[in-house]
């Protein structure tokens, strides 16, 4: 039985404003707010922890403002965290807390240790560059220097994410939202990262387009064996993609469990409300 | 050969120089005297000193004459002259409260503490072009001067020492606002060395002193343009300030004597000083208070000092989120911009040959596919 | 038979729901269930709606988290493990490999064809791609899924077809224990026959089955033992013949 | 507290008495000695970290910014009384910019000038490297209008600094990739981006691609001065300079098949085109390095005289 993790997050915290820890006393799900009256700061996330194994997808669900995207951004290195540890199996065999790496080393992780797919494709892509060029950016960052091989690899990735070959040399800015998301996935997977973070990957897309992208992600997760974290407010997305998930509310994890269990037997009052609302 | 215009070597250059030198003394007019420029083209001379970063009215006038009236070129002459001079001493920090005002207005209040002193300005005079012939203009001006000399006692006031200190060194509005606790206090308690833009390139992210020094030396038109394009243009980072104080006056400059160790006043410089009051409205700002932007430059140049004060506070509030600081630091220097623009006139035929070769390569590829 | 021979030993299994959205109301779904299942045994759960049949399956599979009790499963490796003590990740790993669950409905799947869905189920349980594909084809054929539909997105298929695909996916590899929750409820007689046939074969492969059927006929045909539940408890248990009598009597009353 | 100032005044470096410029009113090399020292420090840093753009307090020079003020500062900061200077623009000693700068250097130092690399020690250039092989005796000073090779892909200077610091050049590669995809060839013309010492990407000033290979493991020291942008960078001798090219897309220099210099018949130098006066007149080619061309011609006319002019 294997429970070896590819990504381990523990005690992750992010406070906006004063780092005065008294803010923890009057924030959180029990208080019903993330903004501290004592210190005026916002506890966007606190004491967040989970592990994800290779081939496994973990969901982070919550409403907007619950802190789920903050958690993702702290792991990705897009935002500095206030506290906590993040370990990647591929970095020093998991011994190094990557939050303590200098910013430059931290950014380097994004080349091939950790990839992110954002809700807004403009965050993960350059819209004024072609689909192939966007993938070339990931590949050249990892040291690829052979034009033909870069082309071949880009074509292969785009095929895998169901982007028509005829559009490989078109600017991503001319693509539809769903197609941009497919290119973003192709770019994210370019260097076969062991860990993939997806932040609301289908939010904002038309329902039918979202379904297609969701199918694609599910297939990719199954085929690549990547360890994935899926951040979403949508139970349908979480149900389709993940086997386990955590529920966040006002910056804290209120419940964690197998995804089917959380949907059918939610324990925390907040989870029950959330599931109830989704089922209604 | 081609490029004859750009080639031709020393002889051609020397011929061009002779043409310039000849026109400087030939023609039907008198030799243009420095003194005349200092007195009559005061704002042009002030501008050259400001952009040249050197206080010397006579040198500035010479530069202006040598540059045939082009202020950017004149500023260049001053600055490159300055490059040849060793830096022997630093002045003691100038205290702007020692400013003796020649002009001082406070748009934020009707009756501020101290005077609303209009001084020498045409701000409130109709912009009517005098189309009389030169002799009539001159006669009229001389009459007016004689009348003033006889009937009005303002001439002494211009010297600034015939009146009580509270008129010529009025309390600043900012002090009043501070007393009312109406201004956020961003004053630093440490005393860092100011950034020396003549010794280190100021690049974003820069200190406030680097930005201020850059703006003080900036080309006036460029700075006004950065201000305006950020008010009306595509960038729109700027919030229009309320002028708290606009001053033009004399400021003593002091150095420590190398032998005695005592402070010695070596000169007065005229400066324009502006304090701009900013209404804070950002989510992370203190809406209950104002903030202040600051501008100071050599000579009488209100346009520059006001733009500078507004850009100063705008930069402070922007906190590096936009390209505003980069625009100020990198694009407002007159020598940089005009020098680079004019370098396009130099021969570029090597570059052009390389470009032609690539055009052919692209066309060949297009034909083959 | 000794305890050690059991595939599954359930002891004192209870499940309370606390409904926070309805003033914290408590609902007791299971109240101390004891149950043993031997290899190759097919146990059918009987009882009226609300008796706790589905809850028992879900508590074993951990779709519900048990409130008390133990669920000891013998793994393929021979070791025994209490499923209620496993971490979510460990449970997730065992699912499909040692314990399978076939629900009444096909879980939300990406737009894939039946063959792909069934074959992927095999791959996720450790089969190699080709073997899984072959096995999927055999299973679909057996369940009368027209070959023309094998690459049609499952979402457009009928309820009966989806249910058969679900069954094929759930049975593609042999777990130690298979939980079936009304797996043939939506099928017409001919397809039902094929499905029951397939389920019947599981027992001969040594798979222990714990099933809920909505009709007595299926139980009669497949069960080696019937367990009657009422109010979240096991009321009685025995040979199908004797138990069916009790059930039909109960129905008449 | 007063001593340092006095000391500075007394210590002020002055040219040695026998220097050729001691009779001049301006300081030897125009700049004051403090400024020279400061610029030399920047040069030393640049040599120590090949390809790194060292920020320096660029002085205003008696030439406009963009007209070689950076190169001039380097030349004046390192020139000594025993140097011989050659200045070229586009390869031509008689170009207006070259003449102007040479005049400034010579008049402020009194050192001799030459047009022949063989006789020169300090060569300031705009847009070319002389055709003659240069060696340890030579210091090549290149005038750089735009030192930032990444400006085409990024405008934010903070981000540019980060990219260099982390050797994050992926976007540069993407721009080359896009170029090749769109145009079928790499269309970069002059100033081709090169990786120096395997670490920093530099803009090779706008020298033509023809000259780029001659920076690679050269025997001479190459100093790059950007006065307006206040940067100095260097390629020390024997340092790798690799044009950024894909492994399977060869680096192409400017070659026009069949072209030869009308004056010296050379096909082996960098040629520039002299267009015909009318559409019917096809024009012709000449060497861009005017001094090399002259000597080449003489060599052909009088083979016995050898190499020297």
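Order of writing sets the chain letters: A, B, C and D. Residues in each chain are counted from 1.
Criterion: contacts are C-beta pairs under 8 Å (C-beta built on N, C-alpha and C of every residue); 3 or more make two chains touch, one makes a residue touch a chain.
Only a predicted model underlies this, so the values are computations on that prediction, with no experimental measurement involved.
The minimum number of touch steps separating subunit A from subunit C is 1. If subunit A is disregarded, contact among the remaining chains splits them into the following groups: B, D | C. Per-pair tallies of C-beta contacts place B-D first.
Compare each chain's C-alpha centroid with the centroid of every protein C-alpha atom shown, and the nearest one belongs to A. The chain with its C-alpha centre at the largest distance from the centre of subunit D is C.
Subunit A and subunit B have Cα centroids separated by 51 Å. In whole angstrom, the spacing between the mean C-alpha positions of subunit C and subunit D is 80.
As a whole-number value, the distance joining the C-alpha centres of subunit B and subunit C reads 84 Å.
For the pair subunit A and subunit D, the distance between mean C-alpha positions equals 49 Å.
Contact between chains, using the touch rule, shows up for A-C, A-D, B-D. Against subunit B, in their complex, subunit D makes its touches with residues 1-2, 5-6, 8-9, 12, 26-27, 30-35, 38, 55-62, 64-67, 69, 89-92, 94-97, 99-100, 103, 126-128, 145, 155-158, 161, 183-185, 187-190, 206-210, 228-231, 252, 254-256, 270-275, 286, 288.
Looking at the complex, you find that subunit B touches subunit D at residues 1-2, 6-10, 12-13, 76, 79-80, 82-89, 196, 198-201, 203-205, 256-259, 261, 320, 323, 326, 330, 335-336, 338-343, 346-351, 353-358, 360-362, 365-366, 369.
Touching subunit C in their complex are the following residues of subunit A: 1-3, 51, 53, 56, 211-212, 214-216, 218-219, 222, 236, 239-240, 243-244, 256-258, 260-261, 264-265, 267-269, 272-273, 276. Looking at the complex, you find that subunit D touches subunit A at residues 162, 165-166, 168-171, 173-174, 177-178, 180-182, 246-249.
Listing the residues of subunit C that touch subunit A in their complex gives 17-21, 58, 62-65, 87-94, 108, 110-112, 120, 124.
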